[in-house]
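One chain, chain A, links the two complexes that follow: it is found with chain B in the first and with chain C in the second.
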Partner chain A sequence: MNFSRYKREISAAGAFVAILIVLAIVAPSFFSAGNLRDLLINNAPTLLIAVGMTMVILVGEIDISVGSQFAVCSIAAGFLAKTGMPMPVLFLSIFLVGAMMGSLNGVLVGWLRLPSIIVTLAMLVLWRDALRWLTEGAWVQNLPENFQWFGLSQSGGELTIVAITLTIFVAFAWTLRNLVAGRKIYAVGSDAEAARLAGISGPTVVLSVFALMGALTGIAALMNAVRFSEIPGNSGVGLELKAIAAVVVGGAAITGGRGTLVGTLIGVALLGTIGTALTFLGINPFWEKAIQGAIILIALVSDVALGRLEKNGRSNIAGAAA
Partner chain B sequence: MTGQTPLLTAERVTKSYAGVQALRDASFELRGGEVHALVGENGAGKSTFIKIVTGAVTPDSGELTVNGDLVRENSPAISKSLGIAAIYQQPALFPELTVAENIAIGLERKGFFGFVNWNERRRAAKELLDRVGAKIDPETPAGELSMPQQQLVEIARALGANAKILIFDEPTASLSEEDTQNLFRVIRELRSQGVGMIYISHRLEELPVIADRVTVLRDGLTIGTKVMAEVSSEELIKLMVGRELSAVFPKRVVEIGETIFELKNLGSRAVGIKNINLSVRAGEIVGVAGLIGAGRTELAKAIFGIVESDAGEILLRGKPMHFGHPSEAIDVGIAYLPEDRRKHGVVLDFPISANITLASLKKLSGFKGMNFGKEKEIAAEYTRRLGVKTPTIHNAVSTLSGGNQQKVALSRWLMTKPSVLILDEPTQGIDVGAKSEIHSLMMEIAEQGVAILMISSELPEILGMSDRIAVMRGGTIAKVFDRSEATQDKILAVALGH
Partner chain C sequence: MEEVISPERPLSTEQSLRERLFPNNEWILLIVLIAECLIFSVTGSNFATSGNAFEITRLAVEIGLLALVMTPIIITGGIDLSVGSMMGLSAVVMGSLWRDGGVSMPVAIAITLFVGLAGGALNAAMITKLKAPPLIVTLGTFSLFRGIAEGLTRGIENYSGFSPTFLSLGQGYVFGFIPTQLFIFVPAIIAVWWWLHRTAFGRSFYAVGFSQEGSRYAGIKVRRRLNFVYCLSGLTAALAAVIYVAHLGQAKSDAGTGYELTAITAVVLGGASIFGGRGTVLGTVLGLFAIVILQNGLRLSGQPAELAGILTGVLLVVTILLDRLSRASVAKPKAASEEEFEVKNWQVGVLSGVIVAAALIVAGSNWLLVRSIKEERGSAAPTAAANTNSPAPGKKSVIAMMPKAKGDPYFISCRKGAEEAAKELGAELLWDGPTDLDPAKQNEVVEAWITRGVDVIAVSVENKEGISTVLRKAKEKGIKVVTWDADAEKDARDFLINQATPQGIGETLMDETARIMGGKGEFAIITASLSAANQNEWIKHIKQRLESKYPEMKLVTIQPSDGDRDRAFQETQNVLKVYPNVKVVMGIAAPAVPGIAEAVKQANRSDVKVTGLSLPNMCKPYIKAGIIDSIVLWNTGDLGFLTVFTANSLANGTFKPGDKSVKAGRLGEIEVVGDEVRLGKPFIFNKENVDQFDF
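On to the complex of A and B.
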């Protein structure tokens, strides 16, 4: 194991552990089973989206439309549930709705070579306002019995959410590391032209990554929606920032080519814990955003500092571990 | 003219990049009211010399004087304040700004928050444009001008900045005869006003028309300065190539097999190449010579599917091929080692192992994901075979020297087991030892029956390694020489169009 290669991830993990230690001393009640379970459930959708965002950022792009895609998928899930669609079919449908929205981004960015920040900014506004026009701001109510918690008990539903999220996380972490597809994502993000000359089709990789981003957003929306008895028309606002922040705090380079899903997991855990931690520490929760912002800045500054210090390689691709 | 202080002198200027000598004790003198031509092959050091004069790079040693005063420190801003300006082949105007604005940029003497006097700007622009005889409305956006017009605007801008030393870098390379004559008229006018001009051109035939003196550069050395009227084109060519073929090339006799690869009337309008006819046989090394801009790299790109070819055919073992993407060319056994190693040849952040396998990932793919053990084994084998000097194959390629990076790039293509290998400047910018190792490798590869197409700007390399030599000029192959009949003079004469 080559620790220096993962120093960004290790630093983020160190910060997380430090917070946990402070909590253990000052407010041990933070570690109550109920609180931990809430944290896990609350952050599961963010983690799923951050997984997709990691790949998008690894290929050197960005997707700021995920919050709006999330809202579209949430409302779509509600409507489909009300038609009496069985849960597994619903799951698949929402997966596809998300994948389609993501593919649209992917075609525009990958094939038409449009800048992803503008394309997804347009989509952020477009999906959000299309939804507002369609639902007129109304919530989806009177959801069928079998929708909330997948028709299971609350604890059964929670367990399902955690299981699905962790399975997806592990599957993607494994893929990114062990499949050729993962190697291609890193190659395109590190040097798109060199990758092309080595026979790797950048547009295809970018399109696939955006499609997966959408599909994961769909699943995240469903994992979130089943927790409540009603679905608001404006869910997912600011989700893109949360996801991007988690990825960056987890050590990924915003310019692409470097980053790991384990880092992203740490990033989600760190940023997702701050709010609750403040409450337990008796600090005004208004500080949450400011502290999150500070963490992101520290991550970026230390990234640049580390980048200038290290002369050695900085690739996170598998097989590089000595 | 003699007796006065020269406008510009350079004394024993030396510059090396990563161990490669670009200039060695180069000396040069420019007088007022003189057009002084600078000639030499690709890589002779002309660009480096210009960069040193304009302050873009700092020389390792040597002295520069302007108007007799020693330039102790140089930078683009300092050289500009000394009255030095360069006009490049591709004009560097801001296309969205008007001609007047383009001319005004850099002329404004006010600070960042100073007011812009629009009337004054327009008046000054008009005056300067008149001086270079350009009938251009100062309010036209620069992007709408033709290239010759943009060039004149650049000259006007330089004059506006009181430039006394103008450097022209291949100014006529893409000008029509009429525009060339117009440019010459402007240059003569400036000469009569006492401006000194350094004139770089590959068009030897225009030098007697426009230049007063000529300095020949070869391998970073100034070979000599002659009065233009006293030297012929043939003599110039001799001076440009007169280097000894001292380096020993590991050329061996290889049994040449059947034709593997053939181009018939290949053309691509997108990159300006046309009517390319060439074949390469198994075990044969065909060198592609020519000046920069002759279309050599463009030819490689059209073959490898990086750019669209729109005329003629590519035949592989007699079968017509069309590649829309490099991956399709790789699949049928064509490999391309690109020219710019750091930008295109390797992924700098990737470890050596992943760089070597990047074009052959399918071979590592299995049911249980990528076979990292196999990757390690293959990478270790190639690094050993090619002699890549590194403590471990897990190091990023960015940690290697240029020669070792190139060996990694070459390993990547050998792993694809190609039948056609296109090498684009395979030894550019790498040290002598690694160079000779790569040449030995080329022979080994040829002995295995691979057809090799080698693009190179180094004539000794072309002559030393090739079985046949295709010389390109103006986007097509001007002549193909056999190894036995080729000499440096002949190749350069064809490349220059003599």
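On to the complex of A and C.
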């Protein structure tokens, strides 16, 4: 195993472990089974979105519209559930609704070559305001009995959410690493021109990645919605930044071509734990945002520091020690 | 996100006038702008007046300054997401220096500008020294700056009471009609224009944007250029914050939330390329006004404000698309090896298919959704009030009513009652307000109503100091002003429709909690956002009541929910584990209470009860299940109903100051004490009575 390849992931993991050690000493109750289970369930939707975001970032693009897409999918899920649609069909429908919105981004970015940050900025505003206009912020209430926890018991539902999330995560992680489809994403992100010459259609890869991003957002919205018996009209605000931050903290390069889903998992775990950790440590919640910002910046600094060491090590072995 | 950039145009010496004036197809925007002005002069009341023109520019100044400096940043191929957060940090720094530090205003401003510069320098250092991507660096400082602002003020501090001289910077007029801040904004536009387009130093930023490596070889000090723009950006954000504070009359940590995205939208709409090397100051200014006029015009035409967001999004995609296509058609015959831009036939086919399908699905699902929601509401007709002309005075009174936030379920339920009353009275009701948490938006809406000309303005006030200035202005213009739900300064309004005082709410909440707990034990509070003014006021009274009446009870923690149900859920899970002795969790934001209840339910903590301030409908299942013991609220529909009735009576003169009561339709005679119309005491909803209410 070549550890130097996973340097960034290892440094993020180091930070995570450090937090866990502090927690183990100061607030051992953090590691109660109940708390770990809650953390897992609460961060499952974020993880799904971060998986999609990792691929988007790997091809060198970005998607800041996922928070608004999430809100649209949540409301759509509630509405579809009220028509009495069985759960598996609902799952598929939301997958398609999300994929549809993602494909719209993908077409504009991949085929028409528009800059992703602008396209998704437009969609961020567009979907959110369209939803507000139509629903006027109303909640979807009186959902059918079989909606919450997929009609199972609470623990059964929780298990299903975790199982679905982990299956998706493992499938994508394995595909990215081992299958042609996954390697194409890295190829396009590393050097679009070289990929083209190698016979990879960049636009199609970008389109598929955005479509998957949307579909994963849809599933994430559903995984989030089934935990409750009502669906609020304005969810997912700021979710895009959370996902991007997790991916970057997990070691992916925003310029594309570098990053792994294992890193993303660590990033989600790190940022998803901070809020809860602060409460357990008794630190005032006012500082939460500042700490999150600091973590992103520290990840950047460590990234650069590690990068420098590597460069020095290659050109001048003596210099690396200094 | 790299892209090969083709030469802008053939290197011929002759350029048409169009190309010289609008190198990036800014003329599209000019046409949009003219179209907007034409349409809104017909549909909007008093849109095409000089007064409105000046108001629009006043509202554009803060975002305009940010956009102006964002232009050179985007030209170098960078981005700065931290400017909005920097405004928040600068505002609280200035406020605290002035109020708590005992520093004079000019010195406070100077230090604030320095803080802005320092923040910009932090961005610059990370970007140039560490060679980190600007997007990520400023994403980090976006959280960091806002976080520091919230941490410093504990979210609670709201600095106000600034001197009139300072406030005139943001609210005053020079020569009686030109807003003061234009004397900063217009020179700033000219200066940046001169700098970018007429100096070698400015032109060098384009070179940096085209190719950093190339410009370095050409002897341009790239790092120095980048340091310069990011520092300038921080400084400008601080300046924008100073103007913002003077404009609103208050400094809080939430200043400038979301401004970075509007600023970037303006710049990109103005033809700047996000990859760098392209963009003009003229384009940015046009882009800025295209957005601001759209918002203002829709408001004056009585159209829903959400349309502005939808149209801006569409406009953004269409302009870059047109730009893309026109560039592609120029570039193609020139160089065959040029980055290929072939859209194959089958792709076009699939493309159109997908777009049509997506549009159909979205339209279809939305239509169904709207229908189902409307049915649920018992077909309460929405009055978007698409008026055509200025209302004939004396016939039908126009009542403009503003909630704190349009999407909040609490206000949605108020609206129902207001619409019912308006229908009964035959009055025209304009219902508009902020969609986002942005204190500046309320002022903007009132300004638009003054311009439009309405009979009564009824406001649920978010920021007391900030909005009072515009309300006074409305009164001067002969518009009756009432406040409802939350009050402004007393002299800025005629009447307050008072459903409950903050003290009444705080004490009722505390008494309920004490009743449930039997007067002893630990409890926790989940609030809205940490900087929410109302909630902080209630918490103050809750704490006072706790100290004076319930010595055996202890408030262990206050956690934020940001008005988000899911966040409230998560925070409650944490609270239950960290503070296992908590017996009651009190939620003081409507969406938070169901989130808390769900968390308690899922944790199987039947020993913990929930109470708080919320709406009966969203809490009903939990109240019936016995998880929520009780919630405190008034009849929100009646509040809206009473407000419209009072406003209407004020407008037609049947109700005036000094009267002891006001007639309010089905509510009967309502008591008036001094300048307060009193709806009655807060009501407690519980298992027994919750079924009688539907809101």
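Basically, the second predicted complex is superposed on the first by the 308 of 322 C-alpha atoms of A that agree within 3 Å, B and C clash if a C-alpha of one lies under 4 Å from a C-alpha of the other, contacts with A are read in each partner's own complex, and residues count from 1 in each chain.
Operating definition for what follows: a residue touches a chain if its C-beta (ideal position, glycine included) is under 8 Å from a C-beta of that chain, and two chains touch if they have at least 3 such contacts.
Just so you know, these numbers come straight off a predicted model, no measurement behind them.
Once the two complexes are laid over each other on the shared chain, residue contacts for A:Leu197 go to chain B alone; chain C is not touched.
Of the two partner chains placed by superposition, A:Thr264 touches none, neither chain B nor chain C. Within the superposed three-chain model, A:Lys82 lies in touch with chain C and out of touch with chain B [touch as defined at top]. Contacts of A:Thr46 after superposition on the shared chain: neither chain B nor chain C is touched.
Of the two partner chains placed by the overlay, only chain B lies in contact with A:Asn178; chain C stays clear of it.
When the shared chain is aligned, chain C comes close enough to touch A:Ile244, but chain B does not.
When the shared chain is aligned, no partner comes close enough to touch A:Thr165: not chain B, not chain C. Touched residues of chain A, counted separately for chain B and chain C, are more numerous for C. Once the two complexes are laid over each other on the shared chain, residue contacts for A:Ser208 go to neither chain B nor chain C. Shared contact residues of chain A, touching chain B in one structure and chain C in the other, are absent. The touching residues of chain B, counted against chain A in their complex, run 304, 306, 325-327, 329-331, 336, 338, 343-351, 353-354, 358-359, 361-362, 364-365, 368-370, 372, 375-376, 392, 394-399, 412. For chain A in complex with chain B, the residues that touch the partner chain are 2, 174, 177-180, 183-184, 186-187, 190-191, 193-201, 257-258, 311-315, 317-322. Across the interface of their complex, chain C is touched by residues 27, 29, 32, 34-35, 38, 42, 60-62, 75-76, 79, 82, 97, 100-101, 103-104, 107-108, 111-119, 121-126, 128-130, 132-139, 141, 154, 192, 224, 227-230, 232-235, 237, 241, 244-245, 248, 254-256, 275-276, 279-280, 282, 284-294, 296-297, 300-301, 303-304 of chain A. On the side of chain C, the complex with chain A involves touching residues 1-3, 79, 126, 130-133, 135-137, 139-148, 150-151, 154-155, 261, 264-265, 268, 273-275, 304, 306-310, 312-314, 316-317, 320-321, 324, 341, 343, 347, 351, 354-355, 357-358, 361-362, 365-366, 368-370, 372-373, 376-377, 382, 406-409, 412, 435, 530, 557, 559-560, 562, 564-566, 569-571, 573-575, 577-578, 591, 594-595, 598, 602-603, 617-618, 621.
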